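Okay, so chain A shows up in both of these, paired with chain B first and chain C after.
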Partner chain A sequence: MKNEPDSTNFLRWFDPRNRNLGTLAFILNRITALGLTLYLFLHLIVLGTLARGPEAYDGFIKLAKTPVILFGETLVIAAGIIHGLNGIRIALNSFGIGTRYQRQIFIGLMVIAAGCIAIFVKSMFFSH
Partner chain B sequence: MNETQWRVTFEIYRQKTGQPAHFDKFVMDVDPDEYVLDVVERIWAYNDRSLTFRHACHHSTCGACGMRVNGVEKLTCITPIREVARNGGQVRIEPLRNFPVLSDLVVDMSDFYLRLDDVKFSQVASLQDACLPFERKQQVREDGRYERLVDCLECGMCISACPVALTTPEYLGPGVLAAAQHAYQQSRDASLLDQVDDQDGVWRCHSAYECTAVCPSNVDPGWRIMDLRKDILRHQISKIFSRRGPSR
Partner chain C sequence: MYTSSKKPQEGTFLWLLKIVAGLLIIIILGIHFYVNHLVAPGGLLSYSDVLAYYQNPIIPIMEIIFLVFVVTHALLGLRSIVLDLNPSQVVLRWINIGFGLIGVFAIAYGTWLVLFVAAKGSGA
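So, the complex of A and B:
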């Protein structure tokens, strides 16, 4: 067991065992941030297809409407909502606002996040 | 076994200098209402005299006996067996994380203590200043004549629980930042703010609040770090305006 602080310990960030709600918020923020960063690169690559002409772009749009890609987009939206709302909690706390109630704020914001994600899922998968 | 005597297996982390770490198992008959530290002491006394661990006061004042019990930081002198095990179950005891292991359950906390000194940590404060500001103060004298020991036991459990301290040795850590906030609260010495206004100071905290969750002594390091951020922002903004002032 490696006991001393080390940058290679970062995988242990994602171990929620025996930890509290704050760690769950910490883990969620890291996972969503990594997901959004990955999405940014994919998005730029996809935009690059514009330069390869209308056929290539139309081909991609057809692919983008498949359920797998729609599911991926749902994950991106969910990540954006969770990361953004959790960020509000962190920003408020950093100004000394609601620090003692950070657990309750986190729970409240995640309930809002779940509601927003449900609305997006409904509109993406069930509105056509 | 009955309600006053349980059989519990203690898995204890063992590591001597230069040797690989492993766990030793000790099957112990325990009273569920005795404390984890009592059993560790019994293991040392009757099973293995080479087991090393730190302890002193046995009543949560010295902060020496902080260990990880089933993965959670606990002051073992005030943690009843009943809270962490069941009859026939297991208790895993490990040293605190994020400190080098010296021997078995003993970790090297010298850097932590030196950092506490750097931020002018005072172990004694007036009755008024010893509490958290939002706490209901039970012992206050208007003339400020009496002092008491502050709440922080210097047990290091907040640093062990902190996920950021896992990866960044340079990070001052919650205990030190809480001490800096306390020192600033007492002295209003702006140099303390400059000291912690750093990427390895208050801004490294990522709001997991594990420090507050494991603190056995009501220090609330998470709150103190955020309060320190507020003080730094206030100080920086006031510096901007005071710079503009004379040029008008």
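So, the complex of A and C:
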């Protein structure tokens, strides 16, 4: 039996068992959306340190370069890339473009996403 | 597979706005990620780097447009997720008011911050 998202049970979105590719794409879109929205508002709050002068902001940047925060930043970048590329497929399909090939488009875009994420990981962790 | 089909309570305009905003965000977010995580020495811009970056007049304009679209897309997307949970009309009305207020406050605060940084860098 397919484990489809259920509008009456929010927690089923996070259950990865017996999913087809389409449902996984749907869940991926939702989870990255929630994570990015949370990050967006945290980002706005943290950027408020810019108004408090160089000591406050550069102090935050020093903290942001620690491995734990960098790992969190990497997750945000990965979520942004995955959500953005998956979003292109959703937008195209919403206008009736490529609907017959959306499975292949999704796989192709996720391969591109993996490549982009690898470039950012290399740059953020191994180039400085 | 999942497509962003319009929900009965979403309205065509909001559904279209969410999709168009999403596509615009991809372009500006690409620039944002590139500048802040690939180009910046050490991976992130320092205070003086941010001030210098904002002296290009295109950057504050781009960041404010980005802010408006990203907040709009995020809140419309969040509302769309809430609609999947079939809220009552009363709950939805409060969510609309709450999300509207959050959006206006976030855009106002972010715009002020962008203008503050741009002015600080120019010595105004």
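Here is the rule we use: the second predicted complex is superposed on the first by the 120 of 128 C-alpha atoms of A that agree within 3 Å, B and C clash if a C-alpha of one lies under 4 Å from a C-alpha of the other, contacts with A are read in each partner's own complex, and residues count from 1 in each chain.
Assume a contact is a pair of C-beta atoms (placed from the backbone, for glycine too) under 8 Å apart; a residue touches a chain by one contact, two chains touch by 3 or more.
Worth saying up front: this structure is predicted, and the values here are computed from it rather than measured.
Of the two partner chains placed around the shared chain by superposition, chain B is the only one that A:R12 touches, whereas chain C remains out of contact. Comparing chain B with chain C, the partner in contact with more residues of chain A is C. Contacts of A:S94 after superposition: both chain B and chain C are touched. Of the two partner chains, both chain B and chain C are touched by A:F26.
By the document's definition of touching, of the two partners only chain C reaches A:L36; chain B does not. In the superposition on chain A, A:M124 makes contact with chain C only, while chain B stays out of contact range. Within chain A, the residues touching chain B in one complex and chain C in the other are 5, 7-8, 10, 22-23, 25-26, 29, 90, 93-94, 99, 102-103. In the complex of the two chains, the chain B residues touching chain A come out as 13, 21, 70-72, 94-95, 97-101, 107, 134, 161, 163, 165-169, 171, 206-210, 212-213, 220, 222-223, 226-227, 229-230, 233.
Across the interface of their complex, chain B is touched by residues 1, 3-10, 12-13, 17-20, 22-23, 25-26, 29, 89-90, 93-96, 99-100, 102-103 of chain A. Of all the residues in chain C, the ones that touch chain A in their complex are 1-5, 19, 22-23, 25-26, 29, 33, 37-38, 41-48, 50, 70-71, 74-75, 77-78, 81, 84-86, 106, 109-110, 113, 116-117. Remark: chain A residues 5, 7-8, 10, 21-23, 25-26, 29-30, 33-34, 36-37, 40-41, 44, 47-48, 50-51, 53-54, 57-58, 61, 64-65, 70, 73, 77, 80, 84, 87-88, 90-91, 93-94, 99, 102-103, 106, 119-120, 123-124, 128 touch chain C in the complex.
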